[in-house]
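Given below, in the form of structure tokens, are the structures.
Here come two complexes built around subunit A, the first alongside subunit B, the second alongside subunit C.
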Partner chain A sequence: MNILIYGTVNSIIFALVAVGFTLVYGVSRLPNFAHGALYVLVGFLTWSMVNDFKLFYPFAILISLGISSLLGALIYRLVLIRLRGLPTSEIIASFAVGLIILEGLRLQGIGGFKGFIGPFYVLPSFIDAKIKIAGVLIDAQRLIVMLGGLAVVVSIWLFTHHTKTGLSLRAIAQDEQAAMMLGIDSDRAAIISLSIGSALAGLAAVIILPLGNVTAEAGYRILINALAVCIIGGLGSWAGAVLASFVLGFAMIISTALFGSVWESVVLVGAIILILIFKPSGLLGKQKELEERV
Partner chain B sequence: MGEGIFLQVKGITKSFGGVMAVKDMSFEIARGEILGVIGPNGSGKTTLVNLITGFVKPDSGEVFFKHKKITGLPPHKIADLGVTRTFQIMRPYHSLPAFKNLIVPLNSPRIRRTRGGKLGDKDGVAIDILEEIGFERDAYVPYKIASSLPLGYLKRLELARCLALKPEVVICDEIFSGLSMSEISTMVPLIEKLQMEGMTIMMIEHRLRELFRLVNRVMVMNFGEKLAEGVPEEVMENKEVREAYLGTEAALC
Partner chain C sequence: MLEIKNLMVFYENAIAINNINMKCEGGKVTGIFGANSAGKSTLMYTISGIILDVKKKEEMKGGERITILGNIIFEGTDITYLKPSERAKKGIILCPERRRIFAESSTLENLKIGAYLATKTQAKKTLEYIYTIFPPLKNLKSREGGFLSGGEQQMLAIGRALMAQPKLLLLDEPLLGLSPMMEGMLARSIHDINLQTGITILISEQYARPILPIVHHGYVLENGGAVLEGSSQELMENPDVKSAYFGL
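Presenting the complex of A and B:
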């Protein structure tokens, strides 16, 4: 029972982290390697607004998410737009933006800025309580993670399937050239996808971070987690990302329960290696189909 | 032509590496005209389409639509002005129902402008357009997922999707290719009807007999250059054309 509940929570954490990355990649074929940095940035922004500026917590969250989605749009408008179609450069440039954000957060001494170093930064839980489900004690924040994850996945589905913008994003995702010929601006779609994706990174941060500390180093781990999920699920496939989150989430919890927590990262990387050997396009990836079409 | 010039291409040139794909091409299309473009494989026809619609930037030369320069504009801007195209290989949105494919262009800024913002029931409009172009409403064809449609319908869907944008110029890139004679014979009247309604059409085609029934003028390309231009009978009398396009002394169809 323990494994089931904590496995689910862990899986949803993976899904939350990865869904923004997948959305951007799925729509615009842009690998946003600043994803982890945006995640951490939102954590610190929220912390800072609550503690330094004494803002009301939900308000601080909303502002941070706004900033994060704006940053996503700016990353495209200022950096990635110049590199469209050069995948390696897109990766390097977005990773560089991520590095600037993450290392900037650790910078000390400029204008009295102390740098976010050390384990002192904790976001408060939304509700401080523990609940018993089927004999397992679970804190309310983990429940919120579950519900939040579910809400995010459902609302993305609704957005992409039942709104005008969502439909044009899907059109771009399926065939960029055809969509352009029908009057859809692919740059606009990329900006929208990046700002939604970045806001999702931030949303994941504010939902997940109350479970632990906010540290700049987490940015790298989050990026790797998102990448792992996307590679295993099939790049750009949303259903694949959700599926892969559950595979990874449970694999990690089970391996921890059986062999100890040192094996966590082995499972993560091992899963990537296995999938690359046996099904390089990912669980639900479509890369293969593309090759066949050509 | 003068007044009637609708789409004008002036000295357009494009090379890929050392290969001259399109070399100093100039031509005009009048409003409401159907221009056929023919030529052997690799003669630069599709590159020409890509140049006009903005997918490929020319090395030199200009394209004018209604006397406005459109070279250098991105494809969605050109589509927004009213010049759109079909693709040689059909590219429907496979996972969407056929009629949903038309919602994409129906949401475009161009439609918002031309129809004055009010479109009401978009699904209904989409299905009406599909019916006009030969999708049987009663057979629920418009509701089928695009990837499950047979080729003949896909070709028509491709055209319908362009028409949903209410374009003024449609460029059809080999819209007959891969179709059976009976499928083509249903397509031909559709295109005739489009012309009657005032559409300006440029058709890239290999099926000469059907093409010649439709077009006002035909232009022959070879090695990226214009070889001849004129009414079909005249052009086909041209010895150079016969040699380049059909091989020496080959029978016409």
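Presenting the complex of A and C:
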């Protein structure tokens, strides 16, 4: 029972982290390697607004989500737009942006800025309580993670299937030129997807971070987690990403329960290697049977 | 409505479109006929602007150099260097060669995506109209685009283009790979669309026989240049056209 509940929570954490990344990649084939950095940045922004500027907590969250989605749009508008169609350069450039953010957060001494170093940065839980489910003690924040993850997945599904903008994003994802012929602008779609993706990274941060403390190093781990989920689920496949986060989430919890927590990262990397050997397109990667019929 | 003046398109040093001058009159159906590699699709991509996207991507990769010379004038404004999405907003909608249906979306979703530029009432009206000219689509609403047959895909592709509220509809080889029965049916539907909605249509095709009767004016392309032009009747009676495109 422990494994079931904590496995689900862990899986949803994976899904939350990966869903923004896979959305951006799925729509515009842009690997946003600044994803982890945006995640951490939102954590620190929220912390600093709550503690330094004494803002109301939900208000601080909203502002930092706004900032991260704006940043996502700016990353595309200023950097990635010049590199469209050069995948390696896109990775390097977005990773560089991520590095600037992450290392910038640790810079000391400019304008009295102390740098976010050390374990002192903790976001408050939304509700401080513990609840018993089927004999397992679980804190309220983990339940919020579960509900939040579910809400994010459902709302993304609704957005991409029932709104004009969402449908246009899916059109661009499937056939960019055919979408252009119908009047959909690919640059606009990329900006929208990146700002939604970055806001989702931020949302994941504010939901997940109260479970632990905020450190800049977490940015790299988050990026690797998101990448792992996307590779295993099939790059750009949204259903695949959700499936893969459950596979990984449970695999990690089970391996921890059986062999100890040292094996966590082995499971993560091992899963990537296994999937690349046996099904390189990922669990739900592009299906061959949908190839064009003539 | 559409006027093309001295248009030339080069891929590196190879000439794809050689000094074409042509006109599409409003409300009429204009045909472009030619064999493989005559430049039909390049012409369609140039009119719809997709070639600018290809050009940009090639430049990024340091690949083929694409040069476009001449002018394309649509309703009095020069659109030669306008982005494809802007051209679509002006009403130039391309229904591309090999259909390019969104394979993972359902039929209905394909149509909804097509309605990106339409208002809600326009979309609703057009959807009903599409179901009346292509009744088979009505029963395939939830079928994924990739699992449709060629003829159904073509109907969907034309329907999707209609949803975008075109003023000038570009049909690039709409009969490619279809059965003779389907060819006749689609040619009739295209004719009906033109008559009932008044949309100007520019249609390119290799195999002229089913299409020639429905065009008002036609051009014959060879090696990127327009070698012949005339009304439907004139083209049908031309001995060269007869031997080359009718197999008579």
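Simple rule for what comes next: the second predicted complex is superposed on the first by the 286 of 294 C-alpha atoms of A that agree within 3 Å, B and C clash if a C-alpha of one lies under 4 Å from a C-alpha of the other, contacts with A are read in each partner's own complex, and residues count from 1 in each chain.
Everything that follows uses one rule, which is that contacts are C-beta pairs under 8 Å (C-beta built on N, C-alpha and C of every residue); 3 or more make two chains touch, one makes a residue touch a chain.
Since the model is a prediction, treat every value here as computed from it, not as a measurement.
The superposition on subunit A brings subunit B into a clash with subunit C. In the superposition on chain A, A:L86 contacts subunit C only, with no contact to subunit B.
In the overlay built on the shared chain, the residue A:D185 is in contact with subunit B and with subunit C. With both complexes placed on chain A, subunit A has more residues touched by C than by the other of subunit B and subunit C.
Residue contacts after overlaying the shared chain place A:S168 against subunit B and subunit C alike. Across the superposed pair, subunit B and subunit C both touch subunit A at residues 164, 167-168, 170-171, 174-175, 177-186. Across the interface of their complex, subunit A is touched by residues 48-50, 53, 56-57, 60-61, 83-85, 88-89, 93-96, 98, 100-105, 109, 112-117, 144, 146-150, 153, 160-161, 163-164, 176-177 of subunit C. Only residues 53, 55, 74-76, 79-80, 84-85, 87, 91-96, 100, 103-105, 107-110, 161-162, 164-165 of subunit B touch subunit A when the two sit together in their complex. Considering their complex, residues 83-86, 161, 164, 167-168, 170-171, 174-186, 188, 289-294 of subunit A touch subunit C. By the touch rule above, subunit A contacts subunit B in their complex via residues 164, 167-168, 170-171, 174-175, 177-187.
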